[in-house]
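Each of the two complexes below includes subunit A, the first together with subunit B, the second together with subunit C.
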Partner chain A sequence: MFEANPYNLGWAILQWVAALAVSGILALLVGFVISYLALGKKAPAAIKDTLKRGFDDLTKLSGRRIGALAYLALKESLARRALYVLGTFIVLFMAANLFLRTPEQDVPAKPYVSFVLTVVQWLLIPVALLLSCWGLPADIKDRSLHTVVTKPVRRSEIVIGRMLGYGLMTTMVLVVVALFGWVWIKRVVPARSQAQLISRVPVFSSADDVKDAFFFIDRAGNRQQFAVNVGDIWDHRSFIEGQTNSRAVWQFENLNPSRIGDDLRIEYRFEAFRSHKGNVDEGEGVRFRLFFVNEAKKLRVPFPQTGAGVEIREFTQETVRGATAGTEEEQAVLRIPRELRAEVAGDPSATGEKVDLFTDVMDNGKLQVEVVCLDAGQYVGAARTDLFIRLPDRPFAASYFKAMFGIWLMVLLVIMIGTTASTFLKGPVATLLTFGLVILGSPLRSYMEEQYTDRYQKGEVLGGGMLESAYRLVTQMNQQSPLPENFGTKTIQVLDEGVFSGLAIVRNVIPDFRHFNMTEYVANGFDVPFNDAGAAVLPSIMTVLGFFIPCVILGYFSLQLRELESK
Partner chain B sequence: MQAETVIDVRNLSKVYRDFWGRKKVQALNALELNVRKGEVFGLLGPNGSGKTTTLKLLLGLLFPTEGEVTVLGKPAHDVTKNERIGYLPEESYLYRFLNADETLDFYGRLFDMPASVRKERRDELIKLVKIEGARRRPLKEYSKGMTRRIGLAQALINDPELVLLDEPTSGLDPLGTRDMKDLIIRLKEQGKTVVMCSHLLADVQDVCDRIAILYGGELKVMGGVKDLLESQDETQLLTSTLNDEAIKEVEAVLKKHGAQLKQVAHPTSTLEELFLRTVKESQERPGRRFSPGERPGQSDSRPAQAAVKS
Partner chain C sequence: MSRLTSRQRQLVYLTGILVLMAPIIVLGMPTTQQSGNLGIIAQKRLEYELGEPSLGNVDPASATMNLVLLGLRGVAANILWMEADHLKDTKNWSQLKSTVESIILLQPHFQSVWKFQAWNLGYNVSAECDAVPDRYYWVKEGVKFLTRGTERNTKVPELFHDLGDYYGKKIGRADEHVLFRQYFIVDPDEARWKGGPDEEINPNGIDNYLVAKDWYLSANDKVTGGLIEQHKMAWPIFANYPFRSQMDYATIRQEEGKFGDVTSEAWRTGYREWTEEYGRMDFATPGGVVRFEATEDEIARLSEQDGFPFEEKLHWLDRYQNMVNYRYWRLRCNVEGNADMAGARGDLANGRRLYREVQDMEGARAALYSSLEKFQRVVDTYRLPDGTSQLLNDETDLTESILKGILIWRSIVKDVFGEEIPAEYPMDELWNEPRYEALRVELEQQFNAWQGTMAR
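Right, the complex of A and B next:
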């Protein structure tokens, strides 16, 4: 889901270039050593020749030949009954009808949407794996590839043609299942839940430095990154105390009034924490009030303008929203008119000057929003993504088909990796490797990042790295007691540092499959963002493009430098 | 006058290795070959002697362990040379899910041929190899001979200058074999160069200009078919039927130049005899190799019984 930070395109491209350069140099070194051992003095000439030929083969491509090879791969997939997957898909859905179809009940739309997207994804991945990982090895084994390579075909064209053909095949399958799934959702989701099928477009607070996008002001009026911790184990929300100076502050930037619409819509999902029961008998919850602030003009505009504030629903938002229709109140949306009155300093009950939210309070697309808790002794818990501006909703189709687009890109990536792996591995091994990357690329990747690279860099890993912890184990040393300051310790630490740097490199070379997983957005009624550091359209496209070139180069060289005899 | 050299093989050796780089088979050993433009060249040898290996090395399918290969003036690994080459593999390694039309169209596209040319070529070749009746059936339904025919059509799709045929007649019926021979002769008439491997020595004798015999990866014999099979120091007379009396008189008649002479020629052995002799010699005297200038079969080792023929 949302990381609520933009994807750092420049950094990504920089890392890509670096990774490519490093692996290119490594490959050259290894190639040089091997050919020097095999050819002796003739090695430099041979390497030069290979590189020159490689350059030609990777640049002088023929569209017609690639087309022919893609057509071949397509025909081959059909011959290998790739379309059976459509049958499987339809059967699955008929079975799902039996279990999920309960039109009388108030069920949320979410499981239907998740079901479709998950099934599409997990049906297409095996298809992509089976096609891409097994095609070339079979072709080499049957020696039909012999006949092809005795034509003026560049081996790069074989790699690209295969990727393209399998890509086309899975695209056709995906288009059919995506449309089928769409019709299915529209027909099967109960009428009362249909309203949940929307694409909300959130704008999160942002700033050059994330610390400016969201922060707290404590009782004493000092700025803090965190507020009160109420002992909740989930520490991503901090709590502000009611009837004090403390407040939570969001700073938005790059807002465009023409895109916002007539009113400003703000959606929130705060958590209430009570230190006393309050007026529970009257059904009163913990309340908060918003302020739109322009510090330069010393403007503070409250919302609601008067009265008791907004009450926080104390059940989790998900269940409440899930079970009921998508009215704005139920979605926890505040609709704020442009015309408001500013607060008169020191007199909450007086009405101040008339202001226009977009022209007077908003400054150059920047808007500061503050939240205060209105009930003494109670707390409002908030995190950065707990409050966002909602641009006009898009139709459900927008997010649904963007998520399908994400699945499509992911399947293309699987095909690219699978085809490349199949140029030097046999079918089963290539499948394992590719599937391994898909797995490493999502859940395990998160684990690696959290557990090792990031935490280690922050010095948060107790007991040190691999070697250090091994040393502690052997010597039965406590995790926290410091190691003796000597040469051995230094060595251990430097080596551990190396292991973690290695992990960081591996992490950057393994594709980040998390970018493609847009199911959560659709299921939760959000539009799929174009640019977000989490799952989003832009990083997905960049990941696929980024892997295309190295995959083609690697696949080309492994076909080119190898005799295509089956062994 | 030496014609332009189309294939030049120098000191070519090939060792097949296993996954770990250990030597399995020495398939070729210091092979020297050249094929001239416009000739039909036969590559002969017992099973496993390295014929197919040689062709694959010429095409860049395999990499030489040692030595150099030049085909049409380019190194074997250069893909652009393939534009002028047609290759019929030992077994027709084609895509079984395509039909004949699709197969030829596919290979035509690999030569970057525009659609109209492909269609024309395709129709022409399907007629040539006589599979009109089966052109829309997938190749997996083809009989061996039919597969061979479509394989041949595929090899000729680009109207190649150099045609490499690995056992072109294997699997063909007698009519097909006849057609294949006619085709090879026609290719030669069109000025193309043909290199073929075959075990059908009578056919090779009919169509080849020059041959090479391999044994155990080594070149044992190479030369013009006529030269190799002719014996220069003897003369053969072919006469009408003679009775015993007449035969007794032959010597006298010859002296008098009075007999009705129908043919005077050097006795020629068949290629089959040459082949068997070469293989036998190679088994008896391993290591002895062909060197240019030598005329095997004419040397001292020539078995006596092959000398006279009446």
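Right, the complex of A and C next:
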């Protein structure tokens, strides 16, 4: 998941505080009701006592005791043979792929990288899940926890110690697997695709309003958010028609020429759509030209300056092209010199005045880039992220290990949730709960967000909510048909509204695991961004930190208030 | 039961397990020469050639994967199919390919997987790319994938036949076929193949239609000798593909302006194979067995053998010959293999080239006249008793080519040299034939329009 917009840290913190406060108040209310039922009038005093002790236990922590408890948890998990089995399985699985397959020369690096990162995730999550969800219940069952609680340790320290211990354990496994995966990639990726193992640093178009960052001009000269739809199922790209006024416009801001280097490197990944075959026997591709525009100075600077324009090179990461493998040509990179000549209005063949891209065309770090298609009757498809300025590359290891860092944070989050769940649930139920949260937070999260956006931003969900969908399913009614106007329909809609409200609340406390999955960047040869609203380092760290505090509080109170006798 | 001790209960369970396992052991034992009635399942598997090794190459990774997934193979395959569809929609080709590889690990003997996904790579993905070398790359990926399908499923004729289609129809007839055919001999990936063909698909560096022919022949062998039926098309049509591929090879050579001995020989080979191999095959029809090249005696004998009257047999022979256009292709091969025909086509192409490109009017006039003379000789050879020519009746392409030749020749004589058109000249019967009036007028209009363009 990649958004190309920065992560809104302030808003995230605000949301976190609100969620924590609401959950805290709710927990207090529930606690009060329960204790009132059990203790009657003594309830307020008991709650006050518990809270006071809780505050002490949560604030007066001892690093030494936590360390000792973590060491204990680590030793325990090392003693579990299941871990060795899993470790062996990881190695075997990757080794099997290393030796059993016939090596192919024409496979790009992308599937290999994606394979390693996916396998590591798939294998580490179950390890974390089982370790964290079964540890405490097993200790409670065989009463080994009793020996711990009789020692002078706080129960909050037990929770944190557990999390830390399991975290250390999985960190060790992850380090081994990450290094193994690194060697595996280096060994298995064919020689000709090794050049695709890079870490590009892109600068995408941006503006205060995202609509200004990228837009289209249609053939009549009007500004539009979308251009021609050529009937592609994937509506990611919009298409501009060749030899017309149509163009795609990107606006960059906050550009710093000193970071860019001598030449401006622009990388593109457009798609061609042909309405006629063109000169196919000559193998000619659809062509386009770039324009650097400064509206205020009425400057339009074409690139290439003369000639037939630039040929579209589609899907450069998807194939291995022999001689051009790994070159800038293959990666569809245009190297634009600083010194160019502006266009003379109304005379495309004339050479205009000399301009400097960084000083004359760029305006306070702002740069407008336009793309026009040069072939009549053909179309160029573009999306916002299809054109970006490429800063000097970083080594592949940078993005690979950042992605592993993302996986590590994800595993930590699973451990935190698992450990917390195991303080008040038995092993299997805790596993189910944690696994459910992982599923809700990862594959189902996009669906949940889609439903939420449709309902609360677009105003309508196609096919309605849960009950309405069920009704349509049973009666075999399609999603567009209106429901009959009667009492039943009204009831369904009211109940569905309740479900949507529930969804709106719950989505604030279900972790968004999509932030951690940085596989796509690494596989496609991009650096993992630090700050992006999608998958990136900063939101991953914030998510883990955000869950750490409530998990510890919840885990502590659960352990504090529960009966530790095995049932 | 409650009166039994724990140990006793365990013994009861153990006995039950052993009793239930006994038939499994007996039925499932590996078969050996001495096994007698034991290992029935293994024996049956051998008898019906259903074991992994008899279906095709064994892939250890595939077997491991199926074991590891326990009973979840179906679920995993479903998820992967959905994933593959999504990757295709979002144009993530390399990952589509690797996902397809995973599907294959799970469903190696499901022929639709091979067909569907090879089509995806070779046709759908290929068409998405703008650069022709990229399109060719994906066609090759489709071909390589399907080739592996034939290795894993050595008894499925349709996969072999499909592969023939990829080599013949995709490489030979796509919009980009001119470049694809060149790439088939000289691969665009020069860094790897050093100016030669991609050895994984064309190790001998021969024409794509000849490679297609070999695959079609293998498909026929699988049908006649194997266990698995083909449900692609009627058997007489299915069976004629290798022989038609030979003709496609000869035809494309002519289209590419190659009229030498190799092309004539290709047609003669086509004729020989069409009449002596394909024509001698037996096909079952509702009127019993027929053979396209059967003599009257043979037809009588066949009719005697299966008890259908001679007339009925002839009726079904005619219907089946029509189904595959048998007589036309026999005539075509025969004519094209004729030295005069090759000469006529060569002279016609040369005449048109001299007229259009070299502007050598004298040379063009001579070449076109020589071509018409040779055409006349060929047409006379195939004259029917009623005086019409069998060749001109059946061959509209040929008629059009000859008319074009006459048109240019007449234009040179009249417009360039200012001479009168002779009252009689070779192939004038075609020019004066009322049946072709409309075609002639259309060609004249096209020619004049083209001349006009040239004049500007």
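One rule holds for everything that comes next: the second predicted complex is superposed on the first by the 489 of 567 C-alpha atoms of A that agree within 3 Å, B and C clash if a C-alpha of one lies under 4 Å from a C-alpha of the other, contacts with A are read in each partner's own complex, and residues count from 1 in each chain.
Assume a residue touches a chain if its C-beta (ideal position, glycine included) is under 8 Å from a C-beta of that chain, and two chains touch if they have at least 3 such contacts.
Keep in mind that what you see is a predicted model, and the values were worked out from it rather than measured.
Touch criterion not met for A:Phe513: it reaches neither subunit B nor subunit C. Once the two complexes are overlaid on the shared chain, A:Phe424 sits clear of subunit B and of subunit C alike.
In the superposition on chain A, A:Trp184 contacts neither subunit B nor subunit C. When the two complexes are overlaid on their common chain A, residue A:Val286 makes contact with subunit C while staying clear of subunit B. Taking subunit A as the reference, the larger set of touched residues comes from C, when subunit B and subunit C are compared.
Legend: residue contacts after superposition of the two complexes on their common chain; A:Arg53 is shown touching subunit B, with no touch to subunit C.
Contacts of A:Ile312 after superposition on the shared chain: subunit C is touched, whereas subunit B is not. Legend: residue contacts after superposition of the two complexes on their common chain; A:Ser114 is shown touching subunit C, with no touch to subunit B. Common to the subunit B and subunit C contact sets on subunit A is no residue at all. Residues of subunit B that touch subunit A in their complex: 18-19, 59-63, 77, 79-80, 82-83, 85, 87, 89, 91-95, 97-98, 102, 106-107, 109-112, 154, 158. Taken in their complex, subunit A has these residues touching subunit B: 53, 57, 62, 64-65, 67-69, 71-72, 75-76, 78-79, 142-154, 563-565, 567.
Within the complex formed with subunit A, the residues of subunit C that make contact are 60-61, 64, 89-95, 97-98, 128-134, 137-138, 141, 175-176, 178-179, 188-192.
Residues of subunit A that touch subunit C in their complex: 96-97, 100-101, 105-108, 110-111, 114-115, 192, 233-234, 236, 271-272, 274, 277, 280-281, 283, 285-286, 311-315, 317-323, 325, 523.
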